[in-house]
Amino acid sequence: MTAKPKFAMYWAASCGGCEIAVLNTHEKILDVDANFDVVFWPVAMDAKYKDVEAMEDGSILLTLFNGGIRNDENEHIAKLLRQKSKILVAFGSCACEGCIPGLANLSPVGDIVHTAFNTLTTDNPNEVYPRTSYDVPEGELHIPTLSRMVRPLEQVVDVDYFMPGCPPESHQIAAVIDLVIKVVKGEAELPPKGSVIGCGDSTVCDECPRARNVKFIKEFKRIQDIAPIDPTLCLLEQGVPCNGPATRSGCNARCPQAGAQCIGCYGPADGVLDYGARLITAFSSVIDANTPEEIDHILDGIPDPTGQVYRFNLAGSLLKANREAWKVVNGK
Amino acid sequence: MPQMTDERVRAGMTREEDLSLLNEVSMKTAGVSHLEMCIQCGTCGGSCPVAADMDHTPRMLFAMLRAGMREEVLRSNTPWLCVSCYHCVVRCPQEVHIADVMYTLKGMAIQAKLYTDSTAPHFSQTFVGMVETFGRGYELGLATRHYLRHFPLRLPGMMPMGLGMISKGRMAIVPKKIKHMDQLTKILDRAKELELTS
Amino acid sequence: MNNETFEPTIIGFTCNWCSYRASDLAGTARMKYAPNVRLIRLMCSGRLDPTFVLRALSEGADGVMITGCHPGECHYIEQNYKALRRYLLLKRVLAGMGIEPGRVKLVWASAAEGAKFAAETTLFVEEIRKLGPLNWGRADSGPQTVDREVPSTVHNPSSEMEVPA
Amino acid sequence: MTERVGVYVCHCGSNIAGTVDVVDVANWAAEKLGRQGVIIAREYKFMCSSLGQELIEKDIKELGLTRVVVAACSPHLHEKTFRTAAKNAGLNPYLVELASIREQVSWVHSDKAVATAKAKAVVSGAVSRVIENRPLEEIKVPINPNTLVVGGGIAGIQSALEIANAGFHVYLVEREPSIGGHMAQFDKTFPTLDCSACILTPRMVEAGTHPNITLLTWSEVTNVAGYVGNFHVTIKKKARFINEELCTGCGICQEKCPKKVIDDVYEAGLGYRKAVYTPFAQAVPNFPVMDKENCTYFIKGTCKACEKFCPTGAIDFNQQDEMLHIDVGNIVLATGYDLFDARRVSNYGYGRLPNVFTSLEFERLSNAAGPTSGNIVLRDGKTTPKSVGVIHCVGSRDKNFNNYCSVICCMQGLKFAHLVHERTGATVYNFYIDMRTAYKAYDEFYQRVLEEGTLFVRGKVAEVTNAARNEREKGKLIIQVEDTLAGKQRRIPVDMVILSSGLQPRKDAKEVGKMFGISCSMDGWFTEKHPKLDPVSTMTEGIYIVGCAQGPKDIPSSVAQGAAASARVLDKILQKEVALEPIKASVNKEMCSGCRICNGLCPFNAIAFIEDDKVTEINPALCQGCGTCVAACPAGAISGTGFSNEQIIAQIDGLLLRNLEVQEAV
Amino acid sequence: MNKYLLYPGCSMDSSAKAYMESLNSIVEPLDLHLEEIEDWNCCGATEYLGINLIPAYSLIARNLALAAKQTSDTRTVVAPCSACYLNLAKADYYMQERPTLGAKVNEALAAGGLEYKAGTLDVRHLIDVLVYDVGLDAIRKAVIHPLSGLKVVPYMGCMLPRPDYQHRWSDHEHPTELDDLLRALGADVIDYPLTTSCCGGHMTQIGPETAFELIHRLVSDADERGAQMMVTVCPMCQMNIDAYQNEMNHFFGTNFHMPILFFTQLMGLAFGRKPNEVGIGVELVSARNALAHIGVEVPVTEEPAAPRKKDEGLPMPRRWTKHEGKKEAVK
């Protein structure tokens, strides 16, 4: 029996939901075990970085990398896994475009640390902050150093495929696993490098069953402020800033089907340089007003426009981070 | 020299020393005066209820501003006769803020001490003095002081009217004063400083 | 950098029918204006995709000037209103990214307004000069207003100075 | 694939070379933009000369250039020249890009170093962009030889006759019951004082009887679809309640109709008509229409006097509005003007002071066929005025009302002065700001009126009042004005005031413009393609504007424009097909999610939603190429030729010199 | 409930105290709630503007700043005096039109711990509020004693309808708000072409001959048209025409007796108030004879108006109003 191809999965700056989503494929997970030799998956099995470092370059067939790059440890492992893997997949929204952790890019990293360690919820009267190295009897202890901003995987290493979603839908994961197995067996071919996989070609509206008409909006509102909301009509048409029109399909329009607006976790469609720009243009296109005052009044209905259009995509956008976050930070 | 519109000023295209008289007046006027837009149609002069007593119609004054006739303009009685009825302002086809320009010219004339008849400037100054002292207008004080100064001979003729007003309770004998006069004084003092720097 | 010696780089978007012709007219009339704006001709201000503005700012422009026909005078009837709507939302998003509202400006200029085009260009350059360089994506960008000691957990790996594309 | 790019920098004599170091720009492009594909960069004295063009053609052929950048003047000047050159050399013309370094660089900057640096950036932008250009082909569409003329005033009549006489069919649509327009209301026309009816009526009759003209009066266009060569037009033919087949136009119904109505249109509110009426005796066609709103039968259910007396049984109370659908290749809009509502200038008292009249009222008053049979009298209907004031610029040249000069009012005011003088011997005053008597024989007319003794006062009238200050003013209208030449305010008592009211766009001009896909200026007039060189075309191919719909003008200019538009229409018809610029948007159906965000964005109705496929489609023939939908598509599913995202992004990067290997501060 | 901030202006407790008294008499029947701006100061009338620009606007703006601070349940400031109304409205407008002016004025205000953001408040005149907020219907309903038979000329004065920064009035030259209101009270309203002509303003102080000429024009035309009294909305107009009428008669050798009352006084009478409750009796040109025409205590029965002779002349166009097509109250 020839050795099974090797599989790895890693969890950088992310919430862990992606791992759950993989487990959510139910018995499909057994196919992974049957077809692959799982060599590195910190959340599921014990393994040491040095084991990976010892592997031959390119010896892992498939690595699903989830999470963005937030610190030097993330960066180190990303580079390491790139070196050791044949196929590196940016798995999930964090790895693809920064996702929710990427929203940290709206603030300078110093502020974030300050907020985390010295706010109302953290009693820190002596202003004690963690350090990157501690002297302990056993020697010097290092903890990872935060980088200036969160970066999607692609901004750090070369990525073969992108699999969006927060998390990727389990049926899409199952399909991708199936595909790779078929490729291993020589029954199928891999898509061109750089492809976005495990998703549709269009945007969420394509899968959304709600009825749609030409839209003219006089007011943007939160969904809970509209009563009664029409369960069969396009949410944007009812004034809810739904991110569906600009968000890649593949989730079966889960949120709109459940009565909530799309928040954009599948990221932009193919060829789009900036996801936020697509939403800016989508929302402004449906505004039914011609004077700046009236338009501004309507726009007041979107209280946090930056968060609205870059909820998942900030780190992967053209501007990547707030100007403050770009600032140099003195390393002392 | 090109007209100095606000646009040009904002673009830094005109310097202080380039200001023509017309532009100087325009810049000193509240709001956007549109003075440079005058087409000399005479709507203002035709509308003015007191044009007959003016030495120049407002239109002529604007032509004189263009011609740079500073002294003649500031000596003119026209601004002092303006009754602020705004007929010319709403009728002007070029939206020139004529009444406000008249206020500006009064101010400039006082500064240059070029007015020929002191009645009106003194009345304004007396009035302003009352306001700056009490925060409110004081009609009796104003009327008597003003008439004593400028129409002493006419004062007796006006007495029945004045007495009538007082006896009917329509003229207070003592002035009213606002509570926070100190605050108003501070505001006006600061405003005067700002006026000088602008 | 000293703002007086700083020469901003600005990308200008023009409408083929009005503002581009206004710039032609300014040229024909030999009106002199600030040389900092580099123009891109679109068919209509309605063509302006916010991506273009974001791209210009992220690739080194210090400001973006968007120009189009006066409201009610659009060559394509009403598309400049659509540009206006996008512009107003874009400004709000940019504010959230820490970009001063003055860095992106919408100006209406008809084909006959060469003088206005020239004046507005010069004015905008001066406004941007006052704001200083944007230098997006460079570490030294932005006002240096770190007002508290930065915790030592944070450092700035030199590899981050240039973000890989 | 690497493109082979040629860069050509023009000196334009010293126009460019005087301020830009063109040699440096060319050398720089060859050196620094080589990685981008620039294989040759040349400079030349005059690129647009035939020698310059040959240079490019030769390089395309010999060096196998696949892209060309010409750094010269504005694309609006010579884009076509260089595209043609490329075409001649076998290169698709849309693979040529112009970098404007004259209008945008050399002419507007003075410092040579700064200008040269900017020129480099502009060239760099054009090189980056041209690499993303794609070959495009012009789109050819056939032309339907029928033409629609909207509006039956003198401009529309002229236009229709010219086309019909050339042998092509014309539909002439008029909103009112008769063609003729404003000109039919006038008595005399300046400056020659021809009788308006005498010169207009033969044209009306000719239009009414022309075999190539289908006359549709009492009708309005309600919908326009399609594009040049292939317009589909819907026309509402309003019910006349008269059977046109049976009616002989004898006029008995009008005589017998018991209902008198103030005629707001033809008589300008100064006279009466019946509920069933033809607006005037020479109306074309001469069938009457029934005014449903005022007809006693329609109001109360009884009367039918007209029906009883009609000798041919032509009255039909059951007639319904009819919708006609016609196909035409070209459309001429001659929708005319509305008279400025003089009541808005409340200081002139029109509507409050009886003896203040508008220009159109005076036209009717002085017209022999008018309500007073041409007697110029006061509102009491009998008193002849002894003094008359004519006020110019009413509602015109006034930021409170209309900013523009209405062009005709000065001459009209002079004409009124002449007529009053001739018919009543009254003293006439003309109050004006500037006397505008340009054009042939106009100033001569001014001289004539001066000679007749009309008194001219230079000053915009401040007010007309009936508040007398003395005996001389009692019972009169007092015109208060600054006589700006005398420098004094004057009050001039007169019996009658005539307001030379301005012209303004039709109330519904904006909606009409939208329906036909053309735009209006800030003032509301239809916008021509070029104010000087293309005054009757519009930005929408196949739609032409003539007469006062385009802006205030007199009769000779309206007639000239009517004829000019016909020449343009005939030109199109004879070409049999028309080429459209290939700058178009298209939808990638795979990517389109059917979100319908773009659906409300196209003013040309080029965007349609296909219900069955739940995707959006763009009709390339209707698309005008503005690109708004391209920028709007949230899925990035719409792309635009000629101005694609790739082209523009590349140009941005190029202009910012991000395409250079080593960044240089320019 | 209609709640407003009141800026009375200096004359309201002296020369125009009849205005104030009569205003107080109509607030209750019309359910008007007027809260006086605390510690307001003079608006500078037409005098301060001609001396110093920034101080003049700062003086006005202090009132706006105080009002904005005081207000919680209304943003409308009501001024019964036309000059005050104009000054307040003008400062608000120009501070927006010329942001540099706004900034300077605020700098001055800051010296007194105040600030005002232009555009925060709506500045309106009393009659504007009565006609467009309260409405003529409500006024009609409150009338107990119609003024039938009282021939009045409505005198709006100049500073009220002009320059009209906020486009509040039906017309700049011949506004009909006062006419409509007086008609609602039942008075016989005479068309008065001089309704917005100037009363002379401060010229009574600085050039009496000029002022007398203007007063003469107004009074003689009103008299000519058979008016029994003039009705005004402005303390300055009332003062000039009332207090200086005698001097004017002297000057021209005429003998006019043309009383002039505030419109609120007539409203009070129509609402059933006693003459002394609405300040009647303090005018120098007595309104007693004029009011006798309506017999304030014993109302005269209305005579049916004579049928109008049929107009045989040429038809007239309808009279124009900016609010054409809408009914009377449009705001």
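Labels A, B, C, D and E are assigned to the chains in the order they are written; within every chain, residues are numbered from 1.
In the analysis below, a contact is a pair of C-beta atoms (placed from the backbone, for glycine too) under 8 Å apart; a residue touches a chain by one contact, two chains touch by 3 or more.
What you are looking at is a predicted structure, and each value in this text was computed from that prediction instead of being measured.
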- Item | Dominant chain pairing [most C-beta pairs in contact] | B-E
- Task: Look at all chain centres (mean of CA atoms) and spot the one farthest from the centre of chain E.
- Result: A
- Message: Using only Cα atoms to place each chain's centre, name the chain farthest from chain D.
- Response: A
- Please work out the Cα centroid separation of chain A and chain D, and write it as a whole number of Å. 54
- Query: Between chain C and chain D, what's the gap in Å when you average each chain's C-alpha atoms?
  - Reply: 34
- Item | For chain B paired with chain C, centre-to-centre distance based on mean C-alpha positions, whole Å | 44
- Message: On a C-alpha centroid basis, what's the spacing between chain A and chain E, in Å?
- Response: 67
- Note on the structure: Residues of chain B that touch at least two other chains are 52, 87, 90
- Item | chain A residues counted as touching two or more neighbouring chains | 273, 278, 281, 285
- Message: Among all residues of chain E, which ones touch two or more of the remaining chains?
- Response: 172-173, 197, 217
- Task: Would you tell me which residues of chain C are touching chain A in their complex?
- Result: 49-51, 54-55, 57-58, 71, 78, 81-82, 84-86, 88-90, 92-93, 95-99, 136-142, 144, 146, 148, 150-157, 160, 163-164
- Would you pull the chain D residues touching chain C in the complex into a rising list? 74-76, 100, 102-105, 107-111, 114-115, 118, 121-122, 125, 513-514, 517-522, 527, 539, 583, 601, 603-604, 624-628, 630-632, 640, 642-643, 645, 648-649, 651-653, 655-658
- Enumerate the contact residues on chain D facing chain E in the complex. 262, 269-271, 341, 343-344, 346-347, 350-352, 354, 371-372, 378-381, 463, 465-469
- Quick one: which bits of chain A touch chain C in the complex? Just the residue numbers, please. 72, 75, 106, 108-110, 113-114, 117, 129-132, 143, 145-148, 151, 155-156, 273-274, 276-278, 280-281, 283-285, 287, 289-290, 292, 295-296, 299, 302, 304-307, 309-310, 317-332
- Message: Which residues of chain C touch chain D once you look at their complex with the stated criterion?
- Response: 9, 11, 17, 20-21, 23-24, 26-28, 30-33, 35, 38-44, 46-52, 55-56, 59-61, 70, 72-79, 82-83, 86, 118
